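In the two complexes below, subunit A is the common chain; its partner is subunit B in one and subunit C in the other.
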Partner chain A sequence: MVKDKLMLWSICLLATLTVVPLLAILGEVLLRGYDQLSWTFFTEPTPTAYKTMEAIKTGEPIPGGIANGIVGTMIMLGMATVVAIPLGILCGAFLAENNKNSFAQFVSYLTDLLQGTPSVIISIITYIWVVVPMKGYSAIAGSAALCIMMLPLIIRSTEETLKILPASLKEAGLALGGNKARVMLKVQLPAAFGGIFTGVLLAISRVIGETAPLMFTALGCSFIRFAVDKPISAVPLLIWEFFNDPNLQELIWGASLFLLLFVLTLNLSSKYLAKKWNQ
Partner chain B sequence: MESITPILEFKKTCVSYTKQTMAVKYVSATIEKNTITAIMGPSGCGKSTLLRAVNLMHNLYPNIRVDGEILLNGENILSMEPIDVRRRIGMVFQRPAPFPTMSIFDNVLSGYALNGIRLSKEEKMQTVERCLKSVALWNEVKDVLNKKGTFLSGGQQQRLCIARALAMKPDILLMDEPTSALDPIATKHIEELLLELQKEVTILIVTHNMGQAKRISSKSMFMYLGELVEYGDTATMFSNPTDERTKEYLTGKVG
Partner chain C sequence: MTDKLYRIILFITALIMPIVCGGIVYALVTDAYDAFEHFGFLKFLTSSEWSCTEGNEQYGALPFITGTLMTTLLALIFCIPFSLPVALFVGEYFKGTKIASILSTVTDLLAGIPSIIYGLWGFYTLRPIIMAFNISPQGSGVLTASLVLAIMIVPYAASLSAEFIKMVPNDLKEGAYSLGATRSEVVRKVIFPVAGSGIFSSYVLAIGRALGETMTVTMLIGNTNNIPNSITSTGNSMASIIANQFGEADDLRLSSLIAIGLILFLITALINMIGKIMIKRARIA
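For the complex of A and B:
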């Protein structure tokens, strides 16, 4: 009895210990970032050095916001997702269907490796593969790096979801005379939609805050830009820039709060959708 | 003697899952057209294995070996394209499994979609109506054709699966314990349906339920440890089984 109680208490204690830093981070970002969140914070690009100096001199709050970063992040995430979804699903479907084949095992191993590769290395590789041939930093290069980082997550979620579907579903499709590709497309993938969608959302939330893959690829840009072949900004890049500029450090918190809220929303909605689909 | 039209012939058919053992051993039998043949036997005796050999389901798993011959209208199935075979031989599984993401309407037509066959709007409507009527489901679902098939009751789902198989106009319908997951009333409906359907299609049905075999089948197979022990008229088999093992099973001593 006493032992049980002791066990329970120590588990509670440990759980609290792990939750405390998490809550502390959330609290800190919320408290410091809350003031900065205003309409213009989302609609205006980062202020120029001149404007910032002016504001500081007159004691006004720092003008401008992170609109250039938000636009860049959305453009790059959009392009990365559009490419990563079909590639990842194709690869995941291949792995789920051919788990004994040695080429599939090799691909599966590569997927694990890719998932474990530090993002800065992916950034450098993308620099060599995309930035150098294109002779410049660009949104395309940034989204290529993000795409590479998203792939393993989408591949795995597709594979796992397909594997837990009842075999009878696939057999029923094949028993009607369908070929493997059609059964995959019309029966298995639709049935796995919930799991794959959740995987995509998680992949997005995983890369949205990544700074390193964008440093050598997207570079950054101080104004709102929609061109995909030019350097472009991103919210995590802005945070890094703000940190390096003593005049702009106050903006860090608003940008961080934005990222945190975005990731939180993605995670919660993916949980909700997963639950809804599993019913 | 009246002449019979053989549609399916097993000739020394063997199936093995592993190198050492055979799950189905040298089965030879001739199935008559437009009949219902029941496959009986204790569980694990190879009934499902034999049935799945007919529509080449075993081809999906490279380790499984099928030997001997299975003739469909005189042509050896084992050397035909699986896709062609499966279009002509429908299958209904033990657990009713309508495609969960498709509407009732699309479930009936799924065979066409999966074969890449396009139908006009009228053809679609006609096929759906014809098939759902032939499984006596039309009146119950005609107003909810766009709803998911998974909302139906178990018995309705199983009838939908039969309709889905019938839509492809198969020569043969394979059924693996199609009523074992259903309640007695749903079971009775399906049995009546099968008696009706044998006019258009030859039915091979695995069943655990001896009463069911007696009620619907004209021929019965009794399998034991992978062998076809006895095959003949259902009435004769129940009244006067020749093999000792059949007698024991039918009187409830084994299985």
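For the complex of A and C:
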């Protein structure tokens, strides 16, 4: 009995200890970052090295913000999502419709393979495929890398949601005279909308904080840019730049706080939506 | 007619997976070929020299393979004492209660934190602690990187293990209780044997995660191109050497980095495949 109690208490203790890192990270980023957040932090691009030195010399706060990163993240994420959603849904539908044939099983295995591929490899690949032929870093390359990372996540969530739909739903649609494409489009996909939507949200929250896939593809850029064939910045790339530049280290925490809040909100809201739709 | 068209469209989109994956292997192999040809495949794997002096370039992958294996193994060791209790907490002791769902939400959120923020936290919070305890003078190194890696893989190992622990049939547990077993005996003698292969496979997948983790390791491992001779010394992992040097590399160095990428890709693919096959078996059993 003593042993039992001991085991229960040690499990409770160790399990509670895992909460500590989350609180520690959130706490540190919040405490060090919250006073940097201001209106200009979101509307101004990163300061140049010269301006920063001036500000440090005169003891003023570092001017500028992360607007270039926010714009870049939005552009690349937008392009990646627009491509990844239709491809992922169609591919997921293929897997759900043919789950017995061997080609589908092969595709399913490759989806797992791609999902497990380290992000730095995705970056190398996009460099070879996109950056080298285009002769330069670009937003297109960055969004291609993000798209490759999102695809397996969207495929999986689509496939799994379609698979748990009751078979009678599809059969009823077919019995009413709809062909398979029509039933998929008008019955199955709308019924699976909740699951697919949360899958897409999760995929976005997974890639929005990725730094490695953008390092050799989007490269970074110190002003706000909307051109898609030129190097562009992103919030995680900016954090990496600030980390490496001793002059800009003060800006790390504001940018991290923004990124962290964004990711965690996406994460929590997708969980909440999933729960709601499942009921 | 439309049925056929529909099927063809689905088939064509599904082709994207073989094309992308085949393309990854093809591109990595062709671009890594130079390095393998220049140094020889085995020599590249076993050489521990990495020098970019012009005219006498020597590149070998051994320090980075060792660095990756060391960080991953240490992370696994640090992760087990926390992820296993979390899995038991969620999957057995407090199964279905509110507090269990709070704990699993917390671990899910841990999985959602971007790796660069883990790196920052490790650098600005954990590193000074390591220095204060005089474990290593510069603070960064294999140990620091593995500690943060361990936190990062706890969610993956815990949530999957909890799933398998939950699946242990009730009649087995009740049978053991009726024979007079205590709860800790049920955990050790019923749950672990029954859910064991599933729990094991979740750790295999967690290893797959840790192997390719880039930013955190790059920020914390110290970035020296030597074989780490103790757990507190600095080094480089396969992912971190790529992240550090890819941007400035060309010709032979670029090819060598891509060769390291190919090796990393193959190792993670192998580990993930083993994990997935084991999970499939554990789910059927």
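One rule holds for everything that comes next: the second predicted complex is superposed on the first by the 271 of 279 C-alpha atoms of A that agree within 3 Å, B and C clash if a C-alpha of one lies under 4 Å from a C-alpha of the other, contacts with A are read in each partner's own complex, and residues count from 1 in each chain.
Keep in mind that, in the parts below, a residue touches a chain if its C-beta (ideal position, glycine included) is under 8 Å from a C-beta of that chain, and two chains touch if they have at least 3 such contacts.
This structure is a prediction, so every number in the text was calculated from the model and none was measured.
Which of subunit B and subunit C touches more residues of subunit A is settled by the count: it is C. In the superposition on chain A, A:Ile128 makes contact with subunit C only, while subunit B stays out of contact range.
When the two complexes are overlaid on their common chain A, residue A:Ile164 makes contact with neither subunit B nor subunit C. Of the two partner chains placed around the shared chain by superposition, subunit B and subunit C are both touched by A:Asn179. Look at A:Ala191: by the touch rule set out above, it reaches subunit B but stays clear of subunit C.
Residues 179, 182 of subunit A lie at the contact with subunit B in one complex and at the contact with subunit C in the other.
Within the complex formed with subunit C, the residues of subunit A that make contact are 1, 3-4, 7-8, 10-15, 17-19, 21-22, 24-25, 28-29, 87, 90-91, 93-95, 97, 103-104, 106-107, 109-114, 116-121, 123-125, 127-129, 148, 151, 155, 179-182, 184, 205-206, 208-212, 215-216, 236, 239-240, 243, 252, 256, 259-260, 263-264, 267-268, 271.
Across the interface of their complex, subunit A is touched by residues 55, 57, 60, 62, 82-84, 86-87, 90-91, 93, 95, 97, 99-102, 110-111, 113-116, 161, 164-165, 168 of subunit B.
On subunit C, the positions that touch subunit A within their shared complex are 2-3, 5-7, 9-11, 13-14, 16-18, 20-21, 23-24, 27-28, 31, 81-83, 85-86, 88-90, 93, 103, 105-110, 112-121, 123-125, 151, 154, 158, 182-184, 187, 205, 208, 211-215, 219, 239, 242-243, 246-247, 257-258, 261, 264-265, 268-269, 272-273, 276. For subunit A in complex with subunit B, the touching residues are 100, 166, 168-169, 171-179, 182-183, 186-187, 190-191, 193.
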